[in-house]
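Take this structure first; my questions come after.
Chain IDs A, B and C follow the sequence of writing; residue 1 opens each chain.
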Amino acid sequence: MIRDITLGQYYNTDSFLHRLDPRTKIIGTIVYLVTLFLYMNPYVYVFALLFLVLMIRKSNVPFKFMIRGLRGIAFIMIMTALINIFTVPGDTLFMIGSFPVAKQGVRVAVYMIFRLSFLIIGSSLLTLTTPPVRLTDGLERTFAFMKIFKVPVHDMAMMMSIALRFIPILIEETNIIMKAQLSRGADFESGSLLKRIKSLMPVIIPLFIGAFKKANDLADAMDARCYRGGVKRSRMNPLKYKKGDYAAYAMLVLYAAAIISLGIYAKYLPFGNDILGIGAK
Amino acid sequence: MKIIINHVTVEYDKNLPNYSKALDDISLIINEGDFLGIAGHTGSGKSTLIQLMNGLIKPSKGNVYFEGEDIFEKRYDRKTLRGKVGLLFQYPEYQLFAETVFEDVCFGPLNIGFDRKAAELSAYDALKSVGMPDDLFYQSPFNMSGGQMRRAALAGILAMKPEVLILDEPTAGLDPGAQQSILGIIKKLHEEKKITIVLVSHNMDDIAEYTDRMIVLNKGRKVLDGLTKDVFMEKDILKEAGLSVPQVTELCGMLNKKGFPINQDLIRYEDVKRELLNILK
Amino acid sequence: MAFIETKKLAFEYIRRDEEGNVEGITRAVDGVNLSVEQGSFISILGANGSGKSTLALHLNSLLHPTEGTVTVDGMDITDGSKSWDIRRTAGMVFQNPDNQIVGSIVEEDVAFGPENLGLTSGEIFKRVNGSLALTGMDAFKHKSPSALSGGQKQRLSIAGVLAMHPKCIIFDEATAMLDPEGRAEILSFVRELNRKQHITVIWITHFMEEAIDSDAVFVMDSGRIVLSGKPNAVFSQVEMLTNIGLRVPLATRLSYDLIKEGVPLNRGILDMESLAGELIRAKLNSN
């Protein structure tokens, strides 16, 4: 399962999205994520899906790769859906044992699954098409204004890019340690939830110790290569907006406008009477 | 016949772009009392092969039998198998996790169903047989030297009382002194405790010195299998697999080429030394 | 003054318990005098825990001495204003390939050092391309480091250091985690760097075979330099080296054993080829 997490990985190829300036993609991702939370009606979601499919096609990243990423968080999605199904009150649809399941609950659960899937795929698109160092640059520049509030933007961006670089390595290490403990008779799959969590300790402890060692080594290696935070640091590829970026921003504005219009006017369309708030009541 | 590997193929990432065949139609019999060497270039399938014997990787085709039973049969108890076929991973010190060495060594036997007393007795025995000094038994495994951590990890496998012990590069990363002592321990386990040993190594001198029989893997296929001294005579096939012959064998070859009459089929240090003394004195 | 010089260098690790009280002091480096000429290839040998890595970290100003002095190209490593100059003068390649690669794309990783130096983007491009060409890594320019073999990852680490245009590179057990092929590949490449680019090399290892062609060898044990000199002189101390956890090259050991049994061979044999020559000579003489 842990192998399936695609969030945070970079997919090395060339595409329209790969060539965009990271700032464009960061702002695009933020706008997209915000639109997912604005409304809850089928038109908005269908349009958001269409936009997402278009972006995936523009990224040259295989569709299978994206779906694989969802498998990794299937558990979280199912949990969220279940919580919603059981806790949202409303018109009872049917009973599971003594628990009433409301029509509204099912509806929210369905939206939640779509929302989470779009959210995960949307944000993985950013990391899949942006090499971590470019991503860091982009974040640093996009949020540079926060430096006025004494936010250590450079350091945070650097930490993030390193975390991204080490995710695949740590995943690989987790696999190896799990196998090694399996071969010492460990059992991660049976018993109660508590027992299972306990059985993970022989994996988590070595993983952490290894991560600390890595962090130490890496800090030395960065020092040795004259790293001193953002001070005096220059760039091989300074960020520069190109034609594609302006086109992308234009598309983004159109997309956001379309979502907002659909959100407001969907209630006049068939099955559209379902804006967040109304649906849940 | 302790372990039988019957026409086994292992494929990774089927249907994906990075699809690869890690093992390609391999058959191998390991007999009780063998000291078997496995040699192969990085990526030749060595790790896959040994993880297969331990039940950690499933074959795509073919079967693996331990003492006449198919280890991938649904009802087969693989946990018990992992006690009987001990597998020491590469850099095993990164799997230590408990507060004391002793507690860590007890982990394996407790997992495979030893009661507390039996596990502790077995742990003492194992720590003694790897030459761990008594005063380190109750120390944290994380404050010890690399060589000692490696011994602790080996003891963790031995405490499960394995009949077959598989070692993946047990000397990697150690200094020469520690390398010698680990190899010495393994030799003693084979001679005194009659444990069947499978040794994976990059070092042809070590394979020549310690094993009786060896196999050579190249690109997932078994290209040589036989007595170690015979296998090292197949210079062309070895070269194709990216491997060399033991240094002393190379010396004999050089001497012969220059008309110095020495047996060409010597692979062990002491044999070459004796032969040279016979000729020169 | 020599290019790198340490005088009575000592470094102590202080171990503290949970309350911060001093539990014990380990003298990891103890009175080391080292002098390395510009352009030379020297090896520092020692078992694990002999203090060789602690010594190396001083040469890059990553550690500061408890006692004694260290100068690199005339600069005192404790002079804080010189840290960056020292680090770009004496670069460092570490043991674990994965733990020293910062970038997620080969080319970006090589650029990391020059970027920290604040060079212009044109200059960085030139240096990155130059380093990649020199290390034979151009073909992997746009690849992810995780797609590289161990040997290639270390080549990449070397390229990253070379892009800072150092005069010296310190290799701290840079081959310990590689397979024999990768080890041989890296060592021969570093020798070439030393010969053709005149880069001073400090090669730290516990494999004595790797030190055979050095201009000078320093052997460390418990923080001290216990042997130093030309490889063939140092390697002839077979027993002492074995006692401190090292293993002389097989050819050296075999010739040593044969001499002990009365075979008249020259001392100081380091590789199988010269041993073969010596044996043939001995055979001819005995006839």
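The rule is short, and it goes like this: a residue touches a chain if its C-beta (ideal position, glycine included) is under 8 Å from a C-beta of that chain, and two chains touch if they have at least 3 such contacts.
The model shown is predicted, which means the values in this text are computed figures rather than measured ones.
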Pairwise touch network: line, ring, star, complete, or other: complete
A-B or B-C, whichever has more C-beta pairs in contact: B-C
Reference subunit C; chain at largest CA-centroid distance: A
Rounded Å distance between subunit A and subunit C, as computed from the means of their C-alpha atoms: 43
Length of the line joining the C-alpha centres of subunit A and subunit B, rounded to whole Å: 42
Centroid spacing, where centroids are CA-atom means, of subunit B and subunit C in whole angstrom: 30
Sequence positions of subunit A contacting 2 or more other chains: none
Subunit B partner contacts - residues on subunit C that touch it in the complex: 47-49, 149-150, 176-177, 179-182, 206-208, 244-247, 250-251, 254, 257-258, 261-263, 272-273, 275-276, 279-280, 282-283, 286
Footprint of subunit C on subunit B - complex, ascending: 41-42, 145-147, 172-180, 202-203, 205, 242, 244, 247-248, 250-251, 254-255, 258-260, 269, 272-273, 276-277, 279-281
Residues of subunit B that touch subunit A when the two form their complex: 16-17, 51, 54, 56, 79, 82-83, 86-87, 89, 92, 94-98, 107-112, 142, 156-157, 160
List of subunit A residues in touch with subunit B within their complex: 62, 64, 173, 176-177, 179-187, 201-202, 205-206, 209-210
Parts of subunit A lying in touch with subunit C, wherever the complex brings them together: 10, 12, 131-133, 161-162, 164-165, 168-169, 213-214, 217-218, 220-228, 232-238
